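Here come two complexes built around chain A, the first alongside chain B, the second alongside chain C.
Moving on, here comes the complex of A and B:
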């Protein structure tokens, strides 16, 4: 499999090669890789790519996937429109 | 871990990385940066990463101008493989009262005198730049097309990599627990991974600056305050500049990636180190944005997060030595705008440590200004 063409993160268009290169350069936690590549910052919030990245880190560092930490899931889980939130908030004013 | 270092820098944010880079570039060997989590895990990785020259005090104008000049060439100067993504699409500052417009007029005068290309705009002119701006609630605006924003992770990564190439040692996931002082001098830094003896320590710990200063019993007149941001789904490019208002309490920009990022302050926030997200922020932000920039209210929220502002009494940073301990330097108290000063922070602190002729005389930003009552209040912060 050609890792240059393999997309790990579909939200932010990150390839497997980019992830592997960063791990080689010493970025060996999910948090570090996320900050450099935007992996996990898109609409899916890392639901798809998270495990794939952890598997790569695990393969390179020898640490088990269980030991590795995934990022915080930030609220909200599904996209809500801002004006709907505003309307609701005004009702409570 | 090394057992001794020439200089130990506490904090792997923009301030710590820029300071390490500048010191190493000037030939200092044996520098260690200690970061309790990963690089940019503090405020730097949580910030809006906006950089503006439209300030109300001369000092802030000068620091911001020099930093922006640096950012214009950052990829080359730092020999970065990637791109720090500096976009100079301007800042549109909007006013909602006549008094605020008077302040803008005064600020623009100071800015122009220092060579900053800002100007006052009428509401019609402001609408030409952001057509969907709700000018019904506004009294005027000021604008500087050279203001902009960067990618905070990649910008810090550029400093980090450049410093590393120059031999700086970075210890991530390593926490400073204490600092030993002997006969009024810094002696060593104790971390959870070992002890490093050193004569010079730089406190660049962001929101945790007071915790670090407490370790050497040096009083620091700062507090930390949570500030929150939210980001929407990405959409087509529709807004070039950052839109910011002090009186309406908001800033909002579209990132190169297409999402909108926005935040506001809240002076009822508790003064502590919490960085959880609140529902209340979300509601207030949603109301403000729907009123000021109505079409943005139609966008879906993707996520929100929080970080710390490290506040000083005059909302300008503290640079330099302390009175109680020899060898202890401060690069703290950025009051919500330390990212944009990052390049200059490193220059200033390295010059202070090496006792060189200053690029910008920032001596008035020393810690004694609070005791001596030499505060120069910055009027223009969110």
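Moving on, here comes the complex of A and C:
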């Protein structure tokens, strides 16, 4: 398959080729691939690419998705402007 | 900081029923809904539901939405609704943060939470899958049925589950040509009634087929598909080309679980429930005390079971914080029986296997 034009992460335009190359180099967890490519760090926070990346890792390592280490989710789940947070923080409750 | 008794995240079928149930038990609830109106996916479901009468079989999804909102309005003094508000975080100390439009950041403290966030559409990886014209089937349904926008003229539907079949039919009703429906599985996943209706209109349903690539410069112009072998691998030489300007991806949903993950709920990947779901007890309480769930977030099923799970979860959440419904036992048994009935078919067997894996005491 022509994996250079296959987008796994729509937020950061990460291709299937990039993901497969990293897995070949030994980066076989979602978090490692995330730190290198920013996959899962865009507006969707991994909701689109998550299952695609896990399936690739699973296919390459022979481990089932159940056995793979899943990525952590942290707040906020969508972008929040800092001034809104600052405004609320002034209340100090 | 805003203080409430029960915060319900998501105003879809599960969240609405949870609110009705908790409020009828005497608790004060706050529904936090991301969209500008309540109803979740019901707002675009113009088709009639199956299931049994208790879950409004033969009624259209959009009408079920109004029935539930009416039911909820009977508890006006117990229910607060925040629309256009997205929950953006859940923290260890029980604080929930939310954002109203992009205007205001809000902190909420509640005695209990019911997470009813629903699901997210899965995608597929194939060359040029980022061309304009390639949509999720749910997005196409929203465009057509909520906004009255025709997504294009010639469609290839990828996925023959109920969503794929129903959206195909609705596209045809809107005068859009559906060239074919594909599914990688050897069998059609959706109900036979829907599939038959589509076949009678002359649309081929190709099982064991998948998308090989999308072709186009500025937008989708062609889709190439191919047959799959028994190991789900493409068979060379079986490629077919379709002139289409829309491709609809309908390959399933996954639970929208991120708030539970960050809250520290114990999670498990369960294929039968379509993804990462929280461990929970019979009352739909997760491993984090006073954090309850209902609907697709705890395993992908249909709106009918989401509604019953909502009623059950709302009832039990209210009881947990001291509002025991006078008919608690009777209602709880009724909801459990309704769920058993809904899960009695072939698909239900699958769901039951999955729920066994997440059920804790």
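Following the convention adopted for this analysis, the second predicted complex is superposed on the first by the 91 of 93 C-alpha atoms of A that agree within 3 Å, B and C clash if a C-alpha of one lies under 4 Å from a C-alpha of the other, contacts with A are read in each partner's own complex, and residues count from 1 in each chain.
We take it that a residue touches a chain if its C-beta (ideal position, glycine included) is under 8 Å from a C-beta of that chain, and two chains touch if they have at least 3 such contacts.
Bear in mind that the values here come from a model prediction, so they are computed numbers and not experimental data.
The superposed arrangement places chain B and chain C next to each other on chain A without a clash.
By the document's definition of touching, of the two partners only chain B reaches A:90; chain C does not.
By the touch criterion defined above, A:36 reaches chain B but does not reach chain C.
Within the superposed three-chain model, A:66 lies in touch with chain C and out of touch with chain B [touch as defined at top]. Once chain A of one complex is fitted onto chain A of the other, the partner contacts of A:6 are limited to chain C, with no touch recorded for chain B. In the superposition on chain A, A:51 contacts chain C only, with no contact to chain B.
Considering which of chain B and chain C touches more of chain A, the answer is C.
Superposition on the common chain places the nearest Cα atoms of chain B and chain C 8 Å from each other. Annotation: chain A residues 45, 74-76, 80-81, 85, 88 touch chain B in one complex and chain C in the other. Chain C meets chain A in the complex at residues 1, 86-91, 97, 99, 102-107, 120, 122-123, 125-130, 212-213, 254, 256-259, 261-262, 267, 269, 271, 275-276.
Chain contact summary for the complex, chain B toward chain A: residues 37-41, 45, 82, 153-154, 157, 232-233, 257, 277, 282-287, 289-290, 294, 296-305. Listed in rising order, the residues of chain A touching chain B in the complex are 12, 29, 31-32, 35-36, 38, 41-43, 45, 74-76, 79-83, 85-86, 88-90, 92.
Interface residues of chain A facing chain C in the complex, by the touch rule stated above, are 1-3, 5-8, 10, 13, 16, 45, 47-48, 50-52, 65-66, 70, 72-78, 80-81, 84-85, 87-88, 91, 93.
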